[in-house]
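Once you scroll down, you'll see the structures, which are given as structure tokens.
Two complexes follow with subunit A in common, the first pairing it with subunit B and the second with subunit C.
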Partner chain A sequence: MHGVKRRQWTKDQLKQKKEKDRMKIDVYSSLVNSTLDRRDKNDHSLTALEDTTKLLDMNPEFNTMWNYRRDIIAKLKTELPLQFWDKELKFIMVQLKKFPKVYWIWNHRIWVLNNYPGSPASVWERELDIVSALLEVDARNFHGWHYRRMVVGKLENITGKSMDAGELAYASKKINNNISNFSAWHQRVQLIDRMFANGEIEDRKEFMEKEINYLTNAMFTDAEDQSVWFYINWFVNYPLVQSILGKEQYIRFLESMTTNILMINDDDIEFSGSDNSWCLKILLVIEQRQKELSPGFESHSVQYLEKLVVMDPLRKNRYLHLLSKQ
Partner chain B sequence: MQLLKEKHIAYVKSLDSHTDDYEYWLSEHLRLNGVYWGLTVLCILGSPETFDKDDVIAFVMSCWDDKYGGFAPFPRHDSHLLSTLSGLQILATLGGLDNVKKDQLKLSQCLKFISSNQLEDGSFQGDRFGEVDARFSYNALSCLSILGELTPEVVDPAVNFVLRCYNFDGGFGLSPGAESHASMAFTCLGALKITGKLHLLSPEQIDMIGWWLCERQLPEGGLNGRPSKLPDVCYSWWVLSSLAIIGKLEWIDYEKLTQFILSCQDEKRGGISDRPNNEADVFHTVFGVAGLSLLGYKDLVPVDPTYCMPYSITATFQKYGLY
Partner chain C sequence: MLSPERRPSVAERRPSLYMYQQPNSITVPHLAGIEDPLPETTPEKVDVLIVGTGIVESMLAAALAWQGSSVLHIDSNDYYGDTSATMTVDQVKRWVERIHQGLVPCYSDAKLYVSNSIHPNGKYISKDFGIDLSPKILFSKSDLLSILVKSRVYQYLEFQSLSTFHTYENDSFEKLTNTKQEIFTDQNLPLMTKRNIMKFIKFVLEWEAHPEIWEPYADRTLMELLVEKFKLEKPQVFELMFSIGLCYNIDAKIPGSLQRIRRYLSSYDVYGPFPVMYSKYGGAGEISQGFCRSAAVAGATYKLNERLLSFDPNTKVATFQDGSKVSVEEKVVISPTQASEYSKNVPAQKYEVHRLTCVVEKDCTEWFAEGESAAVIVFPPQSLKSGNKQVVQAFILGSNSECCPRGTSIWYLSSTEQGPRAEMDLDAALEAMEMSILRESDQDIAADDDLVQMAADGHAAVINSVKLGKSFKEYISREKVQFLFKLYYTQYTATPAFDVVNPTFFDTGAQISGKLIPGASDNGCLYTAMPSSEISYDEVVSAAKVLYEKIVGSDDDFFDIDFEDEDEVANNEQSKLSYENAIEDDDDDVGGADRDIEMQDETSEFVGEMEL
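Entry: the complex of A and B
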């Protein structure tokens, strides 16, 4: 159970609950038994389908019931009218809104879409709108993002066209709404990497320069949150950045990152009296690259690490480990 | 605060007496997993005999799926890789594995159930309906190692898939391209450990994994599952066991995490919840207690981070590949 406040029941409340529960249990368990009996008799009728609807409405986590439901639908497939499939998708949506984190329901939805007669692009396009709406409600829903990638993949398969550019714009929109949305930052990395790999970016240098602006702005917007810093860590180490910018410009990029991060850190010192631990952690990463590229580079890493040991004691053993390697 | 051992034992013992709660009936789909969680709590607390061994083995065997092989979470339900692992874990813990291993039909059905759910890219679906998730890779490999049936035909493509779940941030996702999640660090690192393939991760990757994992610890001491999320006892286990598997357990603060887990105990009724003052459940109880064992809390039975079972039991499992 997640996020359910502990509750103290009085004797009276308990008694009332048990009485109510007894009736519910009777209804539920007799329906479970009769439906499983139907299944054992290979009953693939509309009545059996209706029974699974009732049961899943009571308990959408009953995986075996979803299985039986799929078996029935698969058997009846040729007889079911087109409206059935839209009704099914509506039924699942009702369940998903109540239980957005139940794997079984998401799984059933994908199965239904895959089995939708003809599985036309229009159905998947509508699905993309639906998943966008769900991510409006909970912008970090794990299932939602995973599901989005599946829907997009399906659409790309059907149309034979990459949707990467549009999806990158979507990820940007999500990040601009909330800079700590790591799910969107994650997606950004996937998309950029794929767009480069598939030659989807015309002016590669311009793209990189824009990306540098983007992450610099993000860093100044919220320097407390680790999302943007994990992204920067990736970007600084992403081999294409250096190969596209060229060594000289890449070194200048690292220098300007250092200047900016130190500026943020100085602001933090002025404001709160102490360094920003993420600034120091990422400076370490940047210095690592600088040391590799410029022999004789004057490193501050030991100093940063010694500060981190004190200011971020939860992770002090990691810093001690890194110190031992300096 | 101390660990309320007796309270937790009593709590686990009481779980099966809630048959007049509607919720008990609604949770049949997790019953076998629940028995594994409860039994493991009892083992770690040094009180395995609290459950009647024969009754439990009989219940596990009543969950066998004659049609597809493998274990269902409850009699008459369908088998799934999740519940199949729970079934085998319980049998292994209670010394009842021969019920499957020595029964030719069941063993071959079980192996067929597992291998038939492996897909072309090496991933596993949980059952015949196509849901792919790195959790199921872990389930399948763990099952096969318990049964002593790991083979290169299954392992090599499975490992290939698991490695593709590794992300740029040092975490693992449920499938290639999916966002990092603490539970996936456990399933992926566990899968690699079981198959003796941890060396396929570079030292730089291991350092990055350790970094991502230790950044899960929050000032209150608990660990979260992803950036900007709340701490939770179950995530504390996923992260902690992962750190233990890569030998970097000391990268988080033991004392603070111990206090966080202890603060999630229900002092009255026993059991541990996800966060302080929430409703306890057996899932968070096992991961809380197992976490404390990994942290070296006094008088607990040592737990194997790869299997979330006592070392005394996992010592008998198949050792595969390079160690």
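Entry: the complex of A and C
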């Protein structure tokens, strides 16, 4: 009947639901017991495989079951048809969608891909599409990023071609979407370092200048975001920046960073009455470099540290320690 | 009887869609009056009588019906929607005639032009068009959207996205830079401007938590806060105030205007990269029908072509024009447009909303984002030749909205200016739009190399519209925009522009004085609010809730519906296994991951058109 409200028989409903839940729990525990039993008896039959399917579908966080499942698949490998492997990948995807942050499931997926008969490039290419779609849904899932690196690495192995440039563009796209994507910034660091090491960057100087422009924009867009500051911290200390730009231009870069960061900090003081602690922390990093490069450099580090001691009491002793060394 | 001249109803268009899509969802019986013959007789006794099928009344009817009240819902017209109706051209013609005869309260000064091309044997026919009397956009994060989902009325509707908001400035249409991504990647914005916009956006998303920032400006204007505190310059200020905040003039006050800006920003990326949606096949008219249908499912009785003659508060009997009577236990709720003769309690509708609705023979895709079929254009104060003091807002719908045929588009313009100046402003805005669309769509322009950005392969890639705006200030086109339809009208409302629906709007004369007015045919009745100038649906839920509370005593159980199949639906969505709930699930981080990842090829198709 439509229009009859559920609430009128809520009590009944509750009882029914409890009853239903109890039944579910009973089904689950007996299945756990029987499957563990099979495992202890080294049962590697299709029936056992079927039982782990049922169980893992109920509880994909059950690592022991994934292990057992792999044992069975490994034993049955020669008997299993090719379709099994695609079906298995689909099954894992269903579980990943329920639990995108469970290590065991990711682990199992990589194992299945590695054991996929012939492990052809097409399987890994499809995998890259899948991980892209996953990062589309949750761009900051570090499992996804880590997994992406593995898949790309595998594809590079198979094809013998570097995918770094495309991956850097992908990471940039994700950062542009959301500047606070720490995983994407991290990916950027990894890729840039590797691309320089492998000589994949043609105009090294132009690349560095573009990177400086990029991080300056990021800093002004969101001066509260720590992933941007982490990246700047890495970049300022990245040895290649100085060697590619040359000492003079590198010093000019540090000076212009200082000007910009002070501008942001002054703006924060005017707006909210207090310094921006990230600005001060990065200024310290920059000054450290400046002191190394120009012996007569007039440092403001003491002043910054004294402010930080008050502003950031959780790290007070670290600042005091640094002060003692000034 | 049902008018033969009408657009197909939701159910007629997609009679079996829900069954097909969701085999386990409830079966929705047809709504009496839309698909079935109208009932011959009305019930003898009901809890609530609602007169008028506008969106507020329809939502109220559904809420009451699901709460368990018996509802008789009537409309004096032969179509659903009342002040929210979506009409064919012929229906508009009749409506305008009735305004001229003084038969439609709360509307005046209707002027209509219909081209010969719209004719039973012409290029277009009347039924090709769905003209909204109160055109509206739906924010992705809004109370109406929650109600649509909660009540499942969304299942009757189809939504499309709208992401393009233009601000008219210096004789050209500037597109908004409003997402963090656009601000970050925009190469033309000065660094400090980026910072200032971002600072404001962060603040406004949680403005309640930062009284130290806005309270000093509480008696002043949003403009002053943006300029003094956030150091923003005119283009950004105007974008934030008029396109994002959809404010009406430069005096917009704090904190109301902050709320409006947040509404836009927090709606972005809820369902995708757009802040706003609109319902296909017609706006408020479609949603009204959806609620009527839901009310009918819950047991409400519908009757069109039925006019209330009077209500006697002592005997509690309502009498209709056809002589039938009904005894009303609780309340009679009436739309001001359908007030009975000799009514003396209708609240004063003090404020004017001026509207100009045009159908033009141009698809206007130049204004839409890729894959979309709608845009909003805002004309800030002093941006028009008429020296407008109030904003003119324009809502453009292309043919993918299924409200007009291919090659045409509907332009809805509205102004909150009071008096005869309003029409001058509307005309000036229309002229600016005409000029702009001619400029941007003129074929000859592509021949001018300077205006066309060449792609690497030598093909003309992008025609830069900002450049066009500047260099073609004096541009006179040889072409003219063909108007198929042009309708001016003034609508009256009790809700002042920029205000929200206030419970006192519903207080009738008799309630204020505590006495019945002798000879009045509507003593003891409640009146609903006329739609205001608001371009979003934001006032609708509050209006329905206030009325609901007046009838039921509290709004606690407003659309608190437990569908019988709730469990089944939930289970089917999660897994086909029946025992998957056996384990305590911690699926917090699944957040929105219900998209089928394996369906690679389909994902891109969902961008332009989506169903919730």
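Note that in this section the second predicted complex is superposed on the first by the 299 of 326 C-alpha atoms of A that agree within 3 Å, B and C clash if a C-alpha of one lies under 4 Å from a C-alpha of the other, contacts with A are read in each partner's own complex, and residues count from 1 in each chain.
The rule is short, and it goes like this: a contact is a pair of C-beta atoms (placed from the backbone, for glycine too) under 8 Å apart; a residue touches a chain by one contact, two chains touch by 3 or more.
Quick caveat, the model's predicted, so the values are computed rather than measured.
Undergrad: For A:Thr216, select first, second, both or neither according to whether it touches subunit B, subunit C, the two together, or no partner.
TA: In the superposed model, A:Thr216 contacts subunit C only, not subunit B.
Undergrad: Between subunit B (first) and subunit C (second), which, if any, makes contact with A:Asn63: first, second, both or neither?
TA: In the superposed model, A:Asn63 contacts subunit B only, not subunit C.
Undergrad: Just to be sure I read the superposition right, which of the two partners does A:Lys11 touch: subunit B = first, subunit C = second, or both, or neither?
TA: Neither partner.
Undergrad: I'd like to know which partner A:Ile179 touches here: subunit B for first, subunit C for second, both or neither.
TA: Only subunit C is touched by A:Ile179; subunit B is not.
Undergrad: Which holds for A:Lys41: it touches subunit B only (first), subunit C only (second), both, or neither?
TA: neither
Undergrad: Which of the two partners, first being subunit B and second being subunit C, lies in contact with A:Phe230: first, second, both, or neither?
TA: First partner only.
Undergrad: Using the touch definition from the top, say if A:Val189 reaches subunit B (first), subunit C (second), both or neither.
TA: In the superposed model, A:Val189 contacts subunit B only, not subunit C.
Undergrad: Looking at the overlay, what does A:Lys24 touch: subunit B (first), subunit C (second), both, or neither?
TA: In the superposed model, A:Lys24 contacts both subunit B and subunit C.
Undergrad: Go through subunit A and flag every residue that touches subunit B in one model and subunit C in the other.
TA: 2-7, 21, 24-25, 28, 58-59.
Undergrad: Going by the contact rule set out above, which residues of subunit A touch subunit C in the complex?
TA: Contact set of subunit A toward subunit C: 2-7, 21, 23-25, 27-28, 54, 57-59, 90, 93, 96-101, 129-130, 133-134, 136-138, 176-179, 216-218, 220-224, 260, 263-264, 267, 271.
Undergrad: Any idea which subunit C residues touch subunit A in the complex?
TA: Subunit C reaches subunit A through residues 26, 29, 65-66, 68, 180-181, 183-185, 191-192, 194-195, 198-199, 202, 229, 297-299, 561-564, 566, 574-575, 577-583, 585, 587, 589-595, 597-598, 600, 603.
Undergrad: In their shared complex, at which residues does subunit A touch subunit B?
TA: Residues in contact with subunit B: 1-7, 17-18, 20-22, 24-25, 28-29, 36, 58-59, 61-64, 66-67, 70, 103, 107, 110-111, 140, 142, 145-146, 149, 180, 182-183, 186-187, 189-190, 225-227, 230, 233-234, 313-315, 317-318, 321.
Undergrad: Provide the residue numbers of subunit B that touch subunit A in the complex, in ascending order.
TA: Contacts found on subunit B: 20-22, 25-30, 72-73, 76-78, 80, 127, 129-131, 133, 167-169, 174-175, 177-181, 210-212, 214-215, 217, 219, 226-229, 232, 248, 250-253, 256, 266, 273-275, 277-281, 283-284.
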